[in-house]
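Before I ask anything, here is the structure I am working with.
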Amino acid sequence: MAVRAAVAGASGYAGGEVLRLLLAHPEVEIGALTGNSNAGQRLGALQPHLLPLADRVLAETTAEALAGHDVVFLALPHGQSAAVAEQLGPDVLVIDMGADFRLRDPADWVRFYGSEHAGTWPYGLPELPGARARLAGSRRIAVPGCYPTAVSLALFPAYAAQLAEPEAVIVAASGTSGAGKAPKPHLLGSEVMGSMSPYGVGGGHRHTPEMIQNLSEVAGRRVAVSFTPTLAPMSRGILATCSAAALAGVTADSVRAAYEKAYADEPYVRLLPEGQWPATAAVHGSNAVQVQVAYDESVGRIIAISAIDNLTKGTAGGAVQSMNIALGLDETTGLSTIGVAP
Amino acid sequence: MAVRAAVAGASGYAGGEVLRLLLAHPEVEIGALTGNSNAGQRLGALQPHLLPLADRVLAETTAEALAGHDVVFLALPHGQSAAVAEQLGPDVLVIDMGADFRLRDPADWVRFYGSEHAGTWPYGLPELPGARARLAGSRRIAVPGCYPTAVSLALFPAYAAQLAEPEAVIVAASGTSGAGKAPKPHLLGSEVMGSMSPYGVGGGHRHTPEMIQNLSEVAGRRVAVSFTPTLAPMSRGILATCSAAALAGVTADSVRAAYEKAYADEPYVRLLPEGQWPATAAVHGSNAVQVQVAYDESVGRIIAISAIDNLTKGTAGGAVQSMNIALGLDETTGLSTIGVAP
Amino acid sequence: MAVRAAVAGASGYAGGEVLRLLLAHPEVEIGALTGNSNAGQRLGALQPHLLPLADRVLAETTAEALAGHDVVFLALPHGQSAAVAEQLGPDVLVIDMGADFRLRDPADWVRFYGSEHAGTWPYGLPELPGARARLAGSRRIAVPGCYPTAVSLALFPAYAAQLAEPEAVIVAASGTSGAGKAPKPHLLGSEVMGSMSPYGVGGGHRHTPEMIQNLSEVAGRRVAVSFTPTLAPMSRGILATCSAAALAGVTADSVRAAYEKAYADEPYVRLLPEGQWPATAAVHGSNAVQVQVAYDESVGRIIAISAIDNLTKGTAGGAVQSMNIALGLDETTGLSTIGVAP
Amino acid sequence: MAVRAAVAGASGYAGGEVLRLLLAHPEVEIGALTGNSNAGQRLGALQPHLLPLADRVLAETTAEALAGHDVVFLALPHGQSAAVAEQLGPDVLVIDMGADFRLRDPADWVRFYGSEHAGTWPYGLPELPGARARLAGSRRIAVPGCYPTAVSLALFPAYAAQLAEPEAVIVAASGTSGAGKAPKPHLLGSEVMGSMSPYGVGGGHRHTPEMIQNLSEVAGRRVAVSFTPTLAPMSRGILATCSAAALAGVTADSVRAAYEKAYADEPYVRLLPEGQWPATAAVHGSNAVQVQVAYDESVGRIIAISAIDNLTKGTAGGAVQSMNIALGLDETTGLSTIGVAP
């Protein structure tokens, strides 16, 4: 019997992407689609790429509209998920693609988001040590942020194997869809095409505490993170360039071995052959992660680089992957590792 | 029992795209992959987006390598398909994604391609009147060119309903993947980004006789075509803007009715609701076609516009769709109408 | 003594571009800069590429702010120029970069813009026959629309030489800056990159009557225009692909001769050598126009193609060129024919 | 009397850019233009954006062709400049835009370039301490690499003021023109658009020793550099994100003060107001450099970011700026700080 799924916030980029994936998921039947400012509109006008759903009309995001589903995906602005989730029963699998339930330390939440902390749900990055066990059977899942997904997968093997100093320097480039669909002047095509620019420099980006949380847990001690995000002239994709000083005794071989071990059996993470480097185009539209790592002897640093599709593995694909685990389905059901390139 | 498929020319864009689609096709098992200059290389180095095939190694394109398959896709340079096809038995389904077997009139071939005509195979554009019957059970299929696919689907309903003068004016914009993977200076990213430019102006583009062939057959008389292709700063997609003078008595309603009738039951062609216009992004990576039509009363012209993905519906998706018909499978098996957007 | 120039609407794309050009103009001194919603802001925050003006602050657009200048450039939303112009004396050169004073027939204005017609000013496309005489000494200039600039320069030689039937079919691709800086969802980088799409199809685009006006005047009879604009994934540039049936007796040579004659002495229009085609990248940031023409014997059509920078020759460069003429300066003062490429 | 300048390698991107700038330089007259594989071709076919030079024909790169000029710009492949320079007299100003004469330590040259070291010429980055004195009157100039220009200008104030640990971590994104005009598969538009990817990871990029040389000289001790370049989907521009651990006692104020002091009187480097960040689009086609710096207290790092146009300030603009100094002209003659945006 099909899993019946609703999507709250179906007109935005995260909502559209989860629908794109659910349409290809053999066990899921798509139920209610809701929006707020766009309620009453045809989905075909809002998400013209989702042809099979073109004639569906968005309902308002209410408890009634979302009732009667096995899974509810929340693609809502920060701070709005808790109120909706409260109205859904404990047996409904609620998957929050926003930030509300990712952070464990309420102080982090308050500092970076400025409102009251809603709580902490099991964290939907299955590749992290211990994560699958916490997700199995869970009925609440917090989907990781796109940058923390890319960064954690690039760096955690180095920390899990105790190879690196607890100070990571990260510069990541993201496609513009990561900034959402609300129109703002600096996101206009005219401004974005032909331009690279940073933002949230100096520790202010909201994804920073989430990276620290993930890497610190793996390392067993607090890892400091210097994170600089940049906006790149492309719609999708994150390239995360991460580095940390190597601990004494580390060699190129020991680094390689740690990554090979970490990703030997992962269905979505591909440690590339030596000499080949990640490219966001190769994972466009797919749940795959390309990872490569090098040891720069001249400066004693491990450089780990990952490429993901920010909307797929970085948001909606990660959500579906975690849904599969929570529901006891094969983890890879309906989720491709094949990119749309060139 | 699975259909066993080989791809000759697996390192190029057409070859890569057909592999992307076959990987998602539930009835197909991927057999031999061949190349020429790239024989001996890992596919992962050539097509890094095709993760499940990363460790496959390209063989040379020989009769031996291609033997023992149910279907062989040819993604070869123009003029090379006949020699390969001859060596494959009559029971093997041979699908040529090149131009060699598209044209019926040998004089057209000689004029536009400058070599001896190899022959004519059933034409793989199922949406054209009568096409499906010719494809069913066939063991040789000529896949249409990308521009003729977009243009024929934009215009044929107007000609089938006898609404238009037999002189069409077409301006189409294509992504750069249509020009292939062989590196040439004018295809460099530095040259392409931020630039629109025409080529093959004045009737010289090789896809022109194919458009004339398709539209003339539907119209029942010779349709002249003025075709100007342009190169657009994007990897994929064709937007074809087509127009023709309306015959006497034509109205906006009769035009709309003709298109609604033509596409009422087509699984891949979507006549958009009035007021919505095609966009290549909406069909990125999908086999869908977006079509819209208008009647400009002030000049008495029908303007029909289509958007396709040049590599999917315009090449490899069209090939798989025709394969499904030829093999008696459901025509839509393994072929999505869902685009990867934004 | 320097010409003192003010710019009303300095925060938008047209305003920014005219400032970019005026900064390089040896006879001009930049005076007041005004805006409405952005009044009070530093120009460095709004137009960060205009480094020498970074610390200038925008005033409100009032008669007082604009008083005391020799030239006032209006880069205002449609319908707002007349009220401002009225308050400026008859000796001030007022150059309207909006649409308000372009059309001669009030009925055209009412039909396409829906408001009362403000009047008609000398039309700032110097290359049209007779235009320079009308601009010399004028104190009011209507700058042409970007599409009409590209289209008129592509086609007028064919009509001036009586070579073409009075029915032109035009498909033009524009960069997104032509749509302005006001943020709208369909202009987001995420939507625009990788996508081509048409708009205003079927005769509805407001630049259509302006094209008809220009071509009809040159032809000496009414020329009908089928115009389809498309949005291309680039910031700047227009590529206009224009065609019309040739009159009897026309040959490739007579077409070429007409264009050579028309553009023999034009400082900004370059008729390319045969075999070379326009590209928008080649005129990026410059006032140059690339034109090429072909005669397609197989369909009896003249195909004329032009490339301009929509913001330079298509808006602000055309404005400065006309200013030079009006003020009796050398027409090319401060205006480059050199593009920024690649 | 005009300075007569020749350009060897006029068909490539660096050669084209220096011509673009020299065309706007009031003191320069353009003399011989040479190429190798393109000798005999019209420049209009190779550099269609340089309209005033369209009918110039490339000569072969020989001593005869380059004789009789005051300045010769060399835009040649690495390793070819010395042989040409030897044939030019000591009174001719020879400006090498390649790498041959940048490095002081022959061992660095051998390690990174694999050939014999040609020597060391005065280094053309005027903003570095002491550089202008070395350039004044010089008749040999080595133009810096594009990445070292961006990185040195981002970081040197921190090292000059002794604020940072001698270990810098740099991730830079470059437009594709930095990779040159020779067609290679990974530089095709189809591959580049929509993709971010790193290269030369782990200390292997040839610009690394040049960065070390510059920063070490300023710091007065060896500065180690971890440098990761990435290829961005744009034609032009470098965004360099640089960081280093702050020394004890450093504060946000002391960092800001050091940068304000360093750039108070520089004509081309703009330290942005606090809160505004560099964007490559803002310096497109200009010789300007945007710099911003932050102190991230949470990790104790200084983060300095610069944006340049890799072809202008990063290559040809830097070359012209140094030429001006060497010839005793005003340093800013013919060189704009105004970008072409959007």
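By written order: A, B, C and D. Residues from 1 in each chain.
As a working rule, contacts are C-beta pairs under 8 Å (C-beta built on N, C-alpha and C of every residue); 3 or more make two chains touch, one makes a residue touch a chain.
Quick caveat, the model's predicted, so the values are computed rather than measured.
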Chain whose average C-alpha position is farthest from chain C's own: A
Between chain B and chain D, centroid-to-centroid distance (C-alpha), Å: 45
Rounded Å distance, chain A centre to chain B centre (Cα mean): 35
Per-residue multi-chain contacts in chain B, two or more chains: 13, 175, 177, 181, 188, 190-191, 193-194, 233-236, 279, 281-282, 284, 342
Chain contact graph, described as a line, ring, star, complete graph or other shape: complete
Residues on chain A engaged by chain B in the complex (per definition of touch): 13, 16, 20, 23-24, 42, 44-45, 47-52, 54, 177, 181, 193-194, 235-236, 270, 272-273, 276, 279, 281-286, 288, 290, 336-342
Residues of chain C defined as touching chain B within the complex: 167, 169, 171, 173, 175, 188, 190-191, 193-199, 201-203, 224-226, 228, 230, 232-237, 239, 241, 243, 277-282, 284, 292, 294-299, 301, 303, 305, 307, 342
Touching residues (chain side chain A, partner chain C) in the complex: 13, 175-177, 179, 181, 183-185, 187-194, 233-235
